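The same chain A turns up in both complexes below, where it pairs with chain B and then with chain C.
Let's look at the complex of A and B:
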């Protein structure tokens, strides 16, 4: 399967040129660009690991692409996403977020159903990969 | 217009009998509204032979303290403070016989945090007043002091996006069709297919409650099976607006609690449940981490005609105060009423922290929202993937685009329809962010995306000639009115 989190998961994987254009869009808006990675793609896993701090002061797309290349070199077997953070009043949150790296195989999720009283069912979702310890999940 | 005060003062003001409203203190052209006043703008169409100033003063009177005759008991009160004051009357451009009346109301006239109380004054008796042919509430200025007495949207756009982990693009939805008749099991099938195919939300229609063909618990159970299956299949958070509209508050709470217990992220209500019920559900939603979707069922009975009723921009303001998270606000290009400029005004009311006066959008006042959460506008009704560039240009990014027929009517099935919409959307966002002139290059961008997405190509082929270009029945008075979006 292919997890479809983020802004562009239904398109073919973005080329570096395309990613650079999106990063430039964030910088032109005055947003801080952030690189994060994880090997736990659960839809409610909010806190992916940060590749350093959000790059509040880096105003150059090429610099950010260099960081991304470095992150890929170390964590190329995991999910990596790029996000743009807008600190202006009334938003103070993420403005855009998209996946820029995926594991070669995406085994997907198991859905568990716990039958309860009446016909009620309690659902939980498990990433197959997350059954293993962090760092040993892909590749 | 007449700019002289005619107010009778002192003892003569309270002599028993009938006195013109404009002489009773409801016409005060020198009055300067205070920052804490509620201001209403009415479009007043007096009966033939009725003096416009008197008609507008009567609107002020009948929506505040006045009755048809002088009463001595006014003198037991600080009557001058409580009288609404019409302070400006001007002819409506290009509408002989109609007048804009600006009326200021002291804040003490209203119970804090109650839409029911506000509306009982402003649109209470006065709309049936005989000396008027027609009356329309066009806009309101709600002072910060009053805005701050309301909870506002239970969740708001930012937190909704954070909870759903969806940023940088409009959200996608579809209303399950057919509206009526599907069993719970079949209904859930539509939900599953649409969500798995790429939509973020599916939606109950306004009149899906609990009918013989599908009782509400059946729907909720099958829908949540579908939501969870789709979530596991995509790794993305999904939702379905479970309509909790019912005959009583007790029933609605019961349904909302069941939706919560099953893990739904969103519930839905209809405008016809009434303002108090809406506020109750908004409080419930805040308390239960629930996104609250409002379907504006019934609004066109009073919002659509220019001469009489209440403008939707006022309803939108009331609903932002009342505390819903989603509100249907028009598509411009779709099948339902909505001219581009007026619709733009509605969207601004939903999403901005400050609305500057913009007569060309039908916005008559500066409106500060004082950090009240933003509402997500919903565009639904007769839209399809081939219009993606226009929708993005007209409606922006913080909007739910709902393609009901445009998903379920796809020749290769619901999943294909959903995928077509999602691919079209992502391709357009990508192009916009790259700095392309996506509005003009839209068809080309879509065609390019369709090269690697057969469902999109099929959607573009089947709906390429579908447009709904009819003249609008409600448009701003201050600009020439385009009858279509493109």
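Let's look at the complex of A and C:
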């Protein structure tokens, strides 16, 4: 099952050219662009690992694309996303975030239903990939 | 759709090379070798564009440069301006300069240098990286110096990301020579070695007048003659550093002019008085005193 998250999630995966254009848009707005990765596909997993340090004071997307290439080389079998952080007063939060890399095989989720008192049902999603230990989930 | 013939003049005007070059001529005095090289680079760009339209093979030219010359010959000024020029000519995507020295590239302990250098290189992507006093990167007297590591990373990026970044090294001539001798990789990766000549007396005078004009001052006619003599005398004295000496001299002359004006309080000043620099402001300089003392001795 193809995981969707953040901006452009209903579009086909972005090409490198399109990613460059989006990153340049962020930089032109003065946002700090970061690269994050994870191998836990659960939608509520919000805190991903950061690749390197936050990249402040960059003006051109080439620097970030270079880091992204490096990140893909090491963690090409995981989810990688790019986020743009707006530090201006009043925002101070992530303004954009989109997936730029995903594993080849995405096994998807199992839905667990738990019957409770009064015939209530609680649901939880369980990623098949998460059954394996961290770092061995894909590939 | 490749074409066979192209109107050269039309292309020339489309890139607006002429105005870039005219501006350069106007704002920088002398520096003929530098201007010639920029003209060559501009022409190359034009031809590359035309080749592209004709669907011929195009390669991105290597634009890394090294500026060598005596103190005060305008190396830093030209480097800062170069970014704007290359940007207008379409060689770099953004027209700004990241200006760094050894401290910004080389770390303090093992494993600190590589991330630091890479960080700077990332910031410099798409624009010009200006390394002032580049010879400090290499310290042969200390074999455990981390400068070598920074040099290796620089060389690698200069080669592999030529279209993303232009590196300009600057420094005094003799020390840069030594630097290139011990780092032959650098010399071969830099396409443009530009030597900045010393300014002539008339060029120094034009520079002084340009600087004064920028600050809304002007020489009175006899002050101008005095300044011509000042330049001639100052050149013979030690530690002369071309345009920088001129700038310092002008700063001191402005001080003396202000002092002269303030010494007579009871009068009405016109803007002409405040703007004009008199001969006595120039002649009060220590340079003349030292020269006459030298002649007497």
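Assume the second predicted complex is superposed on the first by the 139 of 139 C-alpha atoms of A that agree within 3 Å, B and C clash if a C-alpha of one lies under 4 Å from a C-alpha of the other, contacts with A are read in each partner's own complex, and residues count from 1 in each chain.
Note that contacts are C-beta pairs under 8 Å (C-beta built on N, C-alpha and C of every residue); 3 or more make two chains touch, one makes a residue touch a chain.
For clarity, every value in this text was computed on a predicted model and none was experimentally measured.
Q: Does the chain A-based superposition show chain B and chain C clashing or fitting?
A: Partners fit side by side after overlay.
Q: Classify the contacts of A:131 with the two partner chains as first (chain B alone), second (chain C alone), both, or neither.
A: Touch partners of A:131: none, neither chain B nor chain C.
Q: Should A:59 be classified as contacting the first partner (chain B), the second (chain C), both, or neither?
A: Once the two structures are laid over each other on A, A:59 reaches chain C alone.
Q: In the overlay, answer first, second, both or neither for which of chain B and chain C A:69 touches.
A: Neither chain B nor chain C is touched by A:69.
Q: Counting only touches as set out at the top, which of chain B and chain C does A:50 meet: first, second, both, neither?
A: In the superposition, A:50 contacts neither chain B nor chain C.
Q: Between chain B (first) and chain C (second), which, if any, makes contact with A:98: first, second, both or neither?
A: first
Q: Does chain A have more residues touched by chain B or by chain C?
A: B
Q: What angle, rounded to a multiple of 10°, is defined by the Cα centres of chain B, chain A and chain C, with the middle one as vertex?
A: With chain A as the vertex, chain B and chain C sit 100 degrees apart.
Q: After the superposition, what is the least C-alpha distance between chain B and chain C in whole angstrom?
A: 16
Q: Does any part of chain A touch chain B in one structure and chain C in the other, and if so which residues?
A: In chain A, nothing is touched by chain B and also by chain C.
Q: Help me check something: in the complex, which residues belonging to chain B touch chain A?
A: 158, 161-162, 165, 167-169, 198, 217, 221, 224-225, 228-229, 231-237, 261-263, 353, 371, 374, 419, 422-423, 426-427, 429-430, 433-435, 449, 452
Q: Given the complex with chain C, which residues does chain A contribute to the contact?
A: Residues 53, 55, 57-64, 66-67.
Q: In their complex, what parts of chain C are in touch with chain A?
A: For chain C paired with chain A, touching residues are 93-94, 96, 119, 121-127, 161, 164-165.
Q: Which part of chain A faces chain B closely enough to touch in the complex?
A: Residues 1, 3-5, 7-12, 14, 18, 21-22, 25, 41-44, 46, 83-84, 90-98, 108-111, 119-123, 125, 127 of chain A touch chain B in their complex.
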